[in-house]
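Dropping the structure in here first, questions after.
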Amino acid sequence: MLLIRTLEDRLGALCREGKAPMIAASTGQEAAALGVIDTLGPDDLLLTNHRSMSHLLSRGADPGRVLAEILGKRTGYCQGKASHLHLSIRELGIMLTSTVVGAELSLAPGIALGASMQDSSGIVACFFGDGGACEGVFHESLNLAALWELPILYACENNNWQAFVSVKEALPTARIADFAASYGIKSQSIDGTDLEAVREAAQAAQAYVRKERRPFLLETHCPRLRGHAVLDPMHYVDAEEQAAGWARDPLVALSQRLAQAGVLSDEARAQMQREVDLEVERAVAFAMESPYPGPEELLTDVFA
Amino acid sequence: MLLIRTLEDRLGALCREGKAPMIAASTGQEAAALGVIDTLGPDDLLLTNHRSMSHLLSRGADPGRVLAEILGKRTGYCQGKASHLHLSIRELGIMLTSTVVGAELSLAPGIALGASMQDSSGIVACFFGDGGACEGVFHESLNLAALWELPILYACENNNWQAFVSVKEALPTARIADFAASYGIKSQSIDGTDLEAVREAAQAAQAYVRKERRPFLLETHCPRLRGHAVLDPMHYVDAEEQAAGWARDPLVALSQRLAQAGVLSDEARAQMQREVDLEVERAVAFAMESPYPGPEELLTDVFA
Amino acid sequence: MKTLTMLQAIEEAIFEEMARDPRVLTFGEGATVKWSQLRQAYGPKRVRTTPLSEGIIAGTAVGASAMGLRPVVDLLYAPFLTYAMEPLINSAGKQRYMSGGQFSFPLVVLVSTGVVPFYGAHHCHNLEAWFAHASGIKVVMPSSAAEAKGLLKSAIRDDNPVIFFHDIPLEHVPGQIPEGEHLIPIGKAAVVREGQSATVITYGRLVQTALEAAATLAEQGVSVEVIDLRTIKPLDEEAVLASVRKTGRLVVVHEASGTCGVGAELAAIVAGKAFSALKGPILRLTGPDTPVPASPPLANMFAPQAPQIIQAVQQLVG
Amino acid sequence: MKTLTMLQAIEEAIFEEMARDPRVLTFGEGATVKWSQLRQAYGPKRVRTTPLSEGIIAGTAVGASAMGLRPVVDLLYAPFLTYAMEPLINSAGKQRYMSGGQFSFPLVVLVSTGVVPFYGAHHCHNLEAWFAHASGIKVVMPSSAAEAKGLLKSAIRDDNPVIFFHDIPLEHVPGQIPEGEHLIPIGKAAVVREGQSATVITYGRLVQTALEAAATLAEQGVSVEVIDLRTIKPLDEEAVLASVRKTGRLVVVHEASGTCGVGAELAAIVAGKAFSALKGPILRLTGPDTPVPASPPLANMFAPQAPQIIQAVQQLVG
């Protein structure tokens, strides 16, 4: 979590300097991502959306190659053609970072079908936002997953916002999990800022999906701390809500919990931060120094 | 109802003779249509789908012009360009017969918004099938109608089939009305073969929509007696189900009820049939004798 | 040789490919009824019906193909593709490129296209040009039952997304099918009639119309070459240019509306790369820029007819 | 004169038309934040935010326009149109025709288009040709802030569906806006530079690029006419043909992929109707048939550049 936070903050700074594109930071949602992904196995597959940094790093992506991709470098996971908004990493089972909201929901049943029919015991974790739940394809996806008994853990990170629109303006319910019941799909709606709580719920959810080969919808409520994208001034979000969001910072919660439990001293925390800073700087250096793809790359990998 | 049945049966016969296209007859669903439309006022607006004959005639469409349209004649309501699958009649408030399943659901909120913003007291009745409820746009439509408080009576005729697919293969629930609750929309699910029951439920539903300016979903369960389209051999529907369907024929039910109540003697029924037969034959003659549109019509009415 | 309708040829092609490759599966609304032979032979896992939801049918095909399955999905009529554009265009067509080649999407979408009386604009809309314009997607359109079989088998073996448009008016037309393994390569046009004085290029149902026109013209002493594109993308530029360099005259013919259609592309290719061979203007005969009318006389006027082709060629050679 | 960016010009156009006509309303995802001036002036009934559901946004626009309202809806980025095709194509584009003229659909869809580094293929996809190929839909693409204002005002007054594509790279570029009522007619191209030896036709952002190329060529003594199409459908055939009949040479330029693009249509029109005026091949400079890459150097190569235009013209006149 510290790595995700540090890397995204660093990217925010690079963006302000004009050295990196503006990413949709997952700040505030790290526990919701890590808690779920921690419970997955190596054969499991992931799909995610534009706010994917937490998912990529939780799954073990190399920060250097992620950053290189974000900067459009040839050493990135997608040779620079994806940047941040479409970053997929097949070797880690990350099948899609979708920036057309809902594409992750659209592809999930097929990914699960592909795994099942080829006798993989893997399951699919499909991360999406409350905004994704407004697209009709959300329902089509749930319906097919239910009918065909597909092993999909639908993981909705409900951060109360869909770009500049509050979930209150977009849906009559604040609980995305409520939609699952219409399809006979089990669901749970939890606080997504508490890493342990997320891990526990995800553990049960993925075990259910794995055993029953049926979908499950796990909704994690979390704050969107850095706005829609990192330079978002958020004048459309009232100050109270922003403060309340920061009071729920999952990283602070975790640090406090560990400190109280006596397993993380201030010094160890500082040491950890230094190590992460170093890792991030190495990653930034790797990305910065990496070459861009050559002009011939414009025309490659269109057809197989 | 007798007119609908007679006209559709006549069209089936014409189709068998190669004199008319194959329509999707509403046989078995007449009460579900008439019961709802009977309760609507002149300012109200309708959208329907491919199985629209019951809606058109219940709304008072002229059988001759309907038949002329079906045969592609210039005297049809759409000058022959629509035939049966896209027959709209603005003067009766019939805004759309959609054959792309779900288009009626897609346009309904805008039609209702247009009425409301132009101070019409009219409401919108949107007829669709259980198949339409499988399209994502069904959910998008319900959601927007709920959020924007649009006066739409969603009228789902659930006939258990979507072309060659049983609703059991297509949805985990056999009650489309169940989806309304997720959007805070009130709903009711009733037997659609009992004209009086439909009328009563529709009366309450339209009054609610009219007064509260909010959507309502009324689901009517009915049998699809003539298959997907009139020459459908229905070998994929088991005999028992077909027989059970005919046992629920709304026209038989109505005739029996009226006979038992002593308001419709056998003789009066026969006389009625003769009159309807005459009307249908007049309509057929009008349609048959009407001219086709001229070749210049190929290029007209593309742009306003 | 045996005789099959185009729909039967399509089912046979899928049948054979399912036998050959266990990764091939098929699904769509009513697929189990429509493709009952396949269902009987390959069972409920590989032949599935779906809910009435084109978006997720297409999305599921894309996802399954990313995993190495080879789905063949039936989206019924071309206008229904409008519900399925997102996964086809943004994922199937782009994700290989965006991922730097990590994924491929070996899937086939079957769609009925073409104009028939009474059906009208919600069933009839020739949309092949859309997919040719988008990236990363192949587009095929057969002109007969045998062509359908051979092209579909190749499409199923292709590692890319292929949209397979088949003409409604041809679906029940019987044709001779070669015995044994019958494959037609994707991306190669066929010279279906050789000629010297003018080239007529078309595809799908209108190949037959063009051949009729060419036969009539031959009686008048005008030798016309007729090319069946077979594949609209990748387009066989070489075959097109070779023919026009020989004849010097070109008439392009299709049923789809003209503006930004396949005919425009053919004209542009030739006007750009074989200009010096041209002896006259490039004539386009296409459907009008209108929706498809249901009324029979209007529907029957929609596509170019043989007399128009004859007249266009006469204008060029005259 | 005053100075506005293209986005400001767009907001001003809507602002003025909302003042002029109470039937105009606007909605879209985040519209109340993005168009905050409109919201302030016209309130929550006429400026609405929507859920993240492009399908129903488009469908609602179509329905509302059938009732006589004049919705202007913002669908954000062109690839998101793939969710909105069904109502736009099958209802807005066809239902007037199918109904025998009973309905009209006066609506405007605003969409960002064009290539920018880092955005990638889920935000960038030039799709104007799709809508030109479909029926019953007008397509407009302005080349500057002033053009945007004048064309958008006309689009809002037009009784037909209009897809209004505006280039992302131009959105924040300031430009001079004429004071007072500023209307530019739909369907008329502009000769933005007169010339004698060759015609360059383009639209949107690349008009500026073409003008730069023409300026350089003028220094070399080559007189180039530059046409800004402004409207892609209906296309101003007359202006195109008149120019080519004068110059005899044509280079068509756009950022969208080539196959079945607007450039193909232009080439086909000219090769069909002004063949005898042509002194050489019609050259097409377009984006490649690939998705849009995110990597800056690749993204910057996507569209044709001034040197390529210069070279093409030199090849023709040379």
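Per-chain numbering from 1; labels A, B, C and D assigned in written order.
The rule is short, and it goes like this: contacts are C-beta pairs under 8 Å (C-beta built on N, C-alpha and C of every residue); 3 or more make two chains touch, one makes a residue touch a chain.
What you see is a predicted model; the values in this text were computed from it and never measured.
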Chains in simultaneous contact with subunit A and subunit D: B, C
Chain pair showing more contacts of the two, B-D and B-C: B-D
Chain separated most widely from subunit B, comparing mean CA positions: A
Between subunit D and subunit C, distance of the C-alpha-averaged centres to the nearest whole Å: 29
Euclidean distance of C-alpha centroids - subunit B vs subunit D, Å: 40
Distance between chain centroids, defined by C-alpha means - subunit A, subunit B (Å): 45
Centre distance in Å when subunit B and subunit C are each reduced to the mean of their C-alpha atoms: 35
Subunit B: positions in contact with at least two other chains: 79-82, 86, 98, 100, 102-103, 134-137, 140, 143, 147, 169-171, 302
Set of subunit C residues in contact with two or more other chains: 50-51, 53, 55-56, 79, 82-83, 86, 90, 97-98, 120-122, 135-136, 289-291, 293-294
Graph class of chain-chain contacts, one of line, ring, star, complete, other: complete
Residue numbers on subunit D that touch subunit A, as the complex places them: 29-30, 33-34, 49-56, 79-80, 82-83, 117-123, 288-291, 293-299, 301-302
Subunit D partner contacts - residues on subunit C that touch it in the complex: 79, 82-83, 85-86, 89-90, 93-94, 97-98, 120-122, 125, 129-130, 132-136, 233, 235, 256-265, 267-268, 270-273, 275-276, 278, 280-284, 289-291, 293-294
Interfacial residue positions of subunit A with respect to subunit D in the complex: 21, 72-73, 79-86, 98-103, 131-132, 134-136, 162-165, 169-171, 236, 292-293, 295, 297-299, 302
Residues on subunit D engaged by subunit B in the complex (per definition of touch): 25, 45, 48, 50-51, 53, 55-56, 58-69, 71, 86-87, 90-91, 95-106, 135-136, 138, 159-160
List of subunit A residues in touch with subunit B within their complex: 134-140, 143, 146-147, 169-173, 178-179, 182-184
